[in-house]
Amino acid sequence: MDLAQFLVQALNGVQYGLLLFLVASGLTLIFGIMGIINLAHGAFYMIGAYLAYWLVGLTDNLFLAILLGIPIAVAVGLVIERLLIARLYDRDHLDQVLLTYGLILILNETQKILWGSDFHGVPVPEMLAGSVPLTENQAYPVYRLFISAVCLGVAAGMWLVIARTRLGMMIRAGASNREMTSALGINIGRVFAIVFALGVALAAFSGMIGAPVSSVYPGMGDRVLIISFVVVVIGGIGSVKGAFIGALLIGLADTFGRVLVPDFASMVIYALMALVLLWRPQGLFGRAP
Amino acid sequence: MSAPLLKTYALTKRFGALVAVDAVDLAYDRSGVHAVIGPNGAGKTTLINLLSGDLPPSSGGVIFRGQAVTGAPPDRISRLGIGRSYQKTNLYPSLTAEQSCRLAARSRRGSAMRFFRPAHRDRQTGEAAVRALDMVGLAERRTVPCGALSHGEQRQLELAMILATKPDVLLLDEPLAGMGRDESDRIIALLGQLARDHTIILVEHDMDAVFAVADELTVMVQGRILDSGPPGRVRSNPAVQDAYLGAGDGLGAGDGPS
Amino acid sequence: MTDTTRARPSRRRFLAGAAATGAIASTGFVPTRFAIGGQAPVKVGILLPYSGTYASLGEAITNGMKMRIEQAGGTLGGRPVEYIAIDSEASPPQAPRHTKKLVIKDQVDFLVGPVHSGVALAMAQVVAGRDKPIMIIPNAGANALTRGQCARNIFRASFSNWQTCYPCGQVMADDGHKTVVTMTWKYAAGNEIMAAGTELFKEFGGAVIKDIRVPFPDVEFQAHLSEIAALKPDAVLAFFSGGGAIKFVKDYAAAGLKDSIPLYGPGFLTEGLTEGQGAAAEGIKTTLHYARTLDTPVNRMFLEAYKKAYNKEADVFAVQGFDTGSLLLQAIDATEGDTGADASPAMIEALSAAEVPDSPRGPWRMSEAHNPIMDIYLRQVEGGVNKILGVASRDLEDPATGCKLDT
Amino acid sequence: MSQTALLEAAGLHTYYGASHVLRGVDLTIRPGESVGLLGRNGMGKTTTIRSILGLTPPRRGKVTLDGRPVTGAPPHTIARRGVALVPEGRGIFPNLTVRENLTMGARPAPPDSPAEDWALDRVLTLFPPLGERLDTWGNLLSGGQQQMLSMGRALMTNPRLLILDEATEGLAPQVRNEIWSVVRAIKDAGIATLIVDKDLKTMLRVCDHCVILAKGQVVYAGPASALAADPEIHVRFLGI
Amino acid sequence: MTASPAPVLLHLIALALLAAFPWVGGEFYVDLALTLMILALFALSLDLLVGYTGLVSFGHAAFFGLAGYVLAMITPETEPVSLWAALAACLAASAAAALVIGWFSVRTSGIYFIMITLAFAQMLYYFLSESPAFGGSDGLFVNFRPVAAVGDWLLFDLDDPMVFYYFVLATLLAGYALLTTILRAPFGQVLQGIRINEGRTRALGFPTPRYKLVSFVIAGTLAGLAGFLEAVHTGYVSPGHLSWHESGIVLMVVILGGRGTLYGPVLGAFTFGLLRNGLQDVTEHWILFMGLFIVALVLFLPGGIAGLIRRAPKGGSQ
């Protein structure tokens, strides 16, 4: 691989990594900070993609669709948290696994009832439809660069909210010491409900923003679920920074794995996860238990 | 004078910026009750954790029977003959008292990689378990699940489980906390008996108990040893008194009763 | 794939044993038109995916088949039809259970399915060698199904993977390409299709400079597109399906490769997907046994009727379902509605010699290995539709290597 | 005495699982009053605090604030009624900066309150060392600073009752002095306090009333001056 | 930890039902029962980890599928293989895989254990689905059922469905009995100690990582036994048998049935299997109802189905 190729692939890797962070961002909140094992993360992502397809059909504008879709996702998240998840905070993690598995089934079938089983494409918004030349014969799609920018925006936004706002303080405080937080007069139940809803909204948002490149189809959430867990676990549970770096690492490893060891490409990210966990059982930026 | 049974040198444990145990040198001989007292946060429990292998030291080390055991895992330390109890009740809530003690006793019958003969048929562990329960006064309650025992009984069971492992050294972290007077008296008497052929390192806040059984008293403050020696002498050390009842100088000496 | 037909006696012995186990409650009683005055329904078991990624294929096939039977009066051999459909979940591990339910519990006369090749092989393991049911595959393309694993009572109404892309090689060579990079998912269908597509290309002196295999069902192609850009082949031969195909075609175009390195592949790359792919698909040449644009009266009527019945555009899968319906009609007509165990040889004989003149894809006939012998069209996307440029390969028959049918 | 009690706990019975820790504890705190809660380790002091705050709700008994029952209410509603906790072990959020620790739970004083608002400036005036380390992570402070932070954080909620659980534990004598003078300053500012501490002598000087717990029951309750005059009780229930 | 009379009676009833079933069940339901017995054995093996050792594996299908693959690979195209040789090879393969995966995995705990077991299972999944030598994504056939012969004498004929049914039932019973025995033996007591309180168990002198590893190997081997039966039963193995979906399903079965009891996973397997089967018959939207059922179960029946039974006669074993 010559230098130009290397740089191009590095760009691909970083770009893919950013996409992975976006896709995993909702899980980073729900699983990483609240400690809820949310297997339905992929299903929320899929619902987001279908929302985009549906709303773009109605409005003919992806950005408008996203604006309309996010409140829907937040509402869904709040309802699910209040009705179901809130009853499980004091229970065994395995109950969360079982419950969110049930949620996957419900959401999958809901998707099918509402939108049917066909494959759909969502057009790239016209203003972002072009490509910019990269090498003599390869160009880079503007929309992918746009997504990268959105990913960086989401990462920065998550960082801002968590590091710089009162809500973020409450989230961090609640994650480190629930009792003390509530003893200071914070309604921790409400904070967790908001975090869960935000997590769902992020999952749906990544589904919406990704719809033009990933296309929209039943079962698209499955792949997202596993890779999101890999991102959060490699980065270290509870660390947004960890998830960000973990995602970039996976993006690069996966990209170079495909090019350099094509025979084992599909195993690279899992091998990476196994190695990271053997070296640092709490993930790259996780706090030691 | 023979080499001490258990010895630490410059034993230190840091948690980030906090030095919980600060260059502690201790030496314990074969038998007797060695009480360690000090205000909360003085590093007593951390010291126990270092001796039991639950925490690796940041520096310094532990020598047991002339052999370095620094950083050895807790199961190995236990098998070498150092048993510990926990400050916070640390039991098997769903197992009965007897099952818990059987499990403890089992650890002294070689490897438990035995797959076929039912555990309850092993007479020796059963007897050892019942004996241990009897010693702490829990024989009557042996079929009760740990979780259903009273707080005091759970503390007794903690002790019974260590006894069932037949240790030479007992690391007891506040064994009397939360016990009733009768239970405490019984345990204090038991410690007195055990002290004849065991080395007991006792962290305890119940001063009556400490002075009733301690052969030697060590006072820790802020990770360091403030004083160590015969209980009578240590007790009369004014610095120790201050550590306990407060110097009374909190708002400038002299304007209150003393 | 290896020849396992000789292995079948063992399986069959088990199945015969099952039937013979006296204690087992089912009587083996089969209602026929003669038994119950022509009113006992013919049971058609359907094992297709109705959930997950392949659900739309399952629906299209079901729709096509039912439409064909409706057009013939809604009956099979004069008897009403009872459809018993199970969601295959596209899951091979669940397939034996599902198949047995249809075959043993429901005693279906015909078994239609599946989409997924792994499921097909698992089904074949249950069905092969039985007198009933007759299994008709409306999609799954694994070559082995009509090669090494072929069986007397298993027919395919769709295609073998080999057929869909075998003509690709010639097409690429005819277009003057000397070097090609192949790209597909790393799974059996991908490997089979790419092997077929490069077979002729190599014979014409072309060179395959790289086989890129993407982990299945991953849709992250960027790293590979950069590889292709660096390799600069004359052409790229690619196979993806469904959502993956939409994304691949869009990514390929967005990477700026479409204009410098033309894209070829089996028709699944674009068939029924051009709406989602938009302008990115323009100019892609593919080969397939069908195209919506096929300008025949039969196809026009088919498309119109399908749209009317289901308010949806028909696709190649609907066609395969439609032809499955045709096969069911032919089979049962051969015995005048009798579906009893005794009738099986007659139906098998009829299907083995089946000719389907009224297929939307054009007339085709059954090969000795029970796979369609049919025209493969060369298509190119123009103005958002797959326009037919001509017949890439006339009456193409799968080589059926290793198929030995004990007749 | 004519004033209604700010906090009244009556007949608290509290359990941890099957373990019966409080066996009928009564406790009354009047506005602005300072009450010392004494007893050896494991006698139920912290559990009493947890019961009052709703962190471990009592199984029997009643807690009222200003005469209104709050038994069984979630901790955050009790906190919002004007109770703040400086817990044993300080409970600093390690992943929040000093400033964030202080501001996260901050609430202004109710508009009708006569007391001066405990805003950040006022708290920093009380604890100058915190002002220099506002952007440091909470877990990087020294023990004494953490204690100040914990108290400052509680004050920022503008409580009417401040509960201090072992506020001077493990601190150097000099730092302890500082803490104690702040406790008195807080008292002088009109905030009622419930103090758990080992430093009996200082407690007797600071507190108006003292309650001694043994085995989950109140064994002594009375004016601090009376307790100060009776060294025999110290030794029996508290001392070495 | 010891069986009280009520469960003993329930066990006998269940056994009698299963033993009598082939005579009344009808061919399909007999076959379904067989499938569910295999699932039950698979779930039992996972319960040793989840319910008794406190290790939640999300890659347990790896051992299940691997054993099937070994059977497919060693069965010649034209003749059957000896049952004894096949069993030995399949169990040895799953045990070896469990030893390797377990050696790495037991160093982690909690969610990290879940993820590392998933990682290894996924690697094996991709390895098998991408290797043409192992049939690739389409999988492999097992053309013949193994022959249970001693010398030339055919002991029993697995091709006979009745014989095979009882063979599976006997294997399930043997697995159940083995686990019961192990759990009552000192080893099992240590495992339960680890699950309830690993730190304490280690402090008592047990090298807990080693016990966890042995437990992992036993569980993997038993999963291999189940996978072997499944491959014999269906004559087909595919990478899908090792996929995380299958690992997920068997985990659901264990949680649904009630972890930490041996009858729980068996009940879970039958409930899950019959429910899935029944719902598929009744409604097109069976997945929706399955999901609602699971959610309702978590909310209203913590402890799974076994929790119901345990709650009914007060003062059960645990």
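Each chain carries a letter (A, B, C, D and E) given by its place in the written order, and its residues are counted from 1.
In the analysis below, a residue touches a chain if its C-beta (ideal position, glycine included) is under 8 Å from a C-beta of that chain, and two chains touch if they have at least 3 such contacts.
Everything numeric in this text was worked out from a predicted model, so none of it was measured.
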Given chain B and chain E, the chains that contact each of them: none
Between chain C and chain D, the fewest steps along chains that touch one another: 2
Euclidean distance of C-alpha centroids - chain A vs chain D, Å: 43
Chain B and chain D: spacing of chain centres that average the CA atoms, whole Å: 31
Euclidean distance of C-alpha centroids - chain D vs chain E, Å: 55
Distance between the centres, which are taken as Cα means, of chain C and chain A, whole angstrom: 36
In chain D, residues with contacts to at least two other chains: none
Junction residues of chain A, two or more chains touched: 108-109, 266
Two or more partner chains touched - positions in chain E: 126, 130, 287
Pairs of chains satisfying the touch condition: A-C, A-D, A-E, B-D, B-E, C-E
Complex interface listing, chain B residues touching chain D: 16-18, 39-42, 93, 147-151, 154, 174, 177-178, 180, 205-207, 211, 222, 235, 241-242, 244-251, 255-258
Residue numbers on chain C that touch chain A, as the complex places them: 50-53, 55-56, 58-59, 186, 212-220, 222-227, 229-230, 232, 242-243, 246-247, 250-251, 254-257, 260-261, 273, 275-278
Chain C-facing residues of chain A, complex: 5, 8-9, 12-13, 15-16, 108-109, 112, 116-121, 123-124, 131, 133-135, 137-141, 143-144, 213-220, 223, 254-256, 258-259, 262, 265-266
Residue ranges of chain A touching chain D (in the complex, touch as defined): 166, 169-170, 172-173, 175-177, 179-189
List of chain E residues in touch with chain C within their complex: 22-32, 35, 77-78, 80, 126, 129-130, 132, 136-139, 141, 143-145, 159-162, 233-236, 238, 240-241, 243, 245-246, 277, 280, 284, 286-287
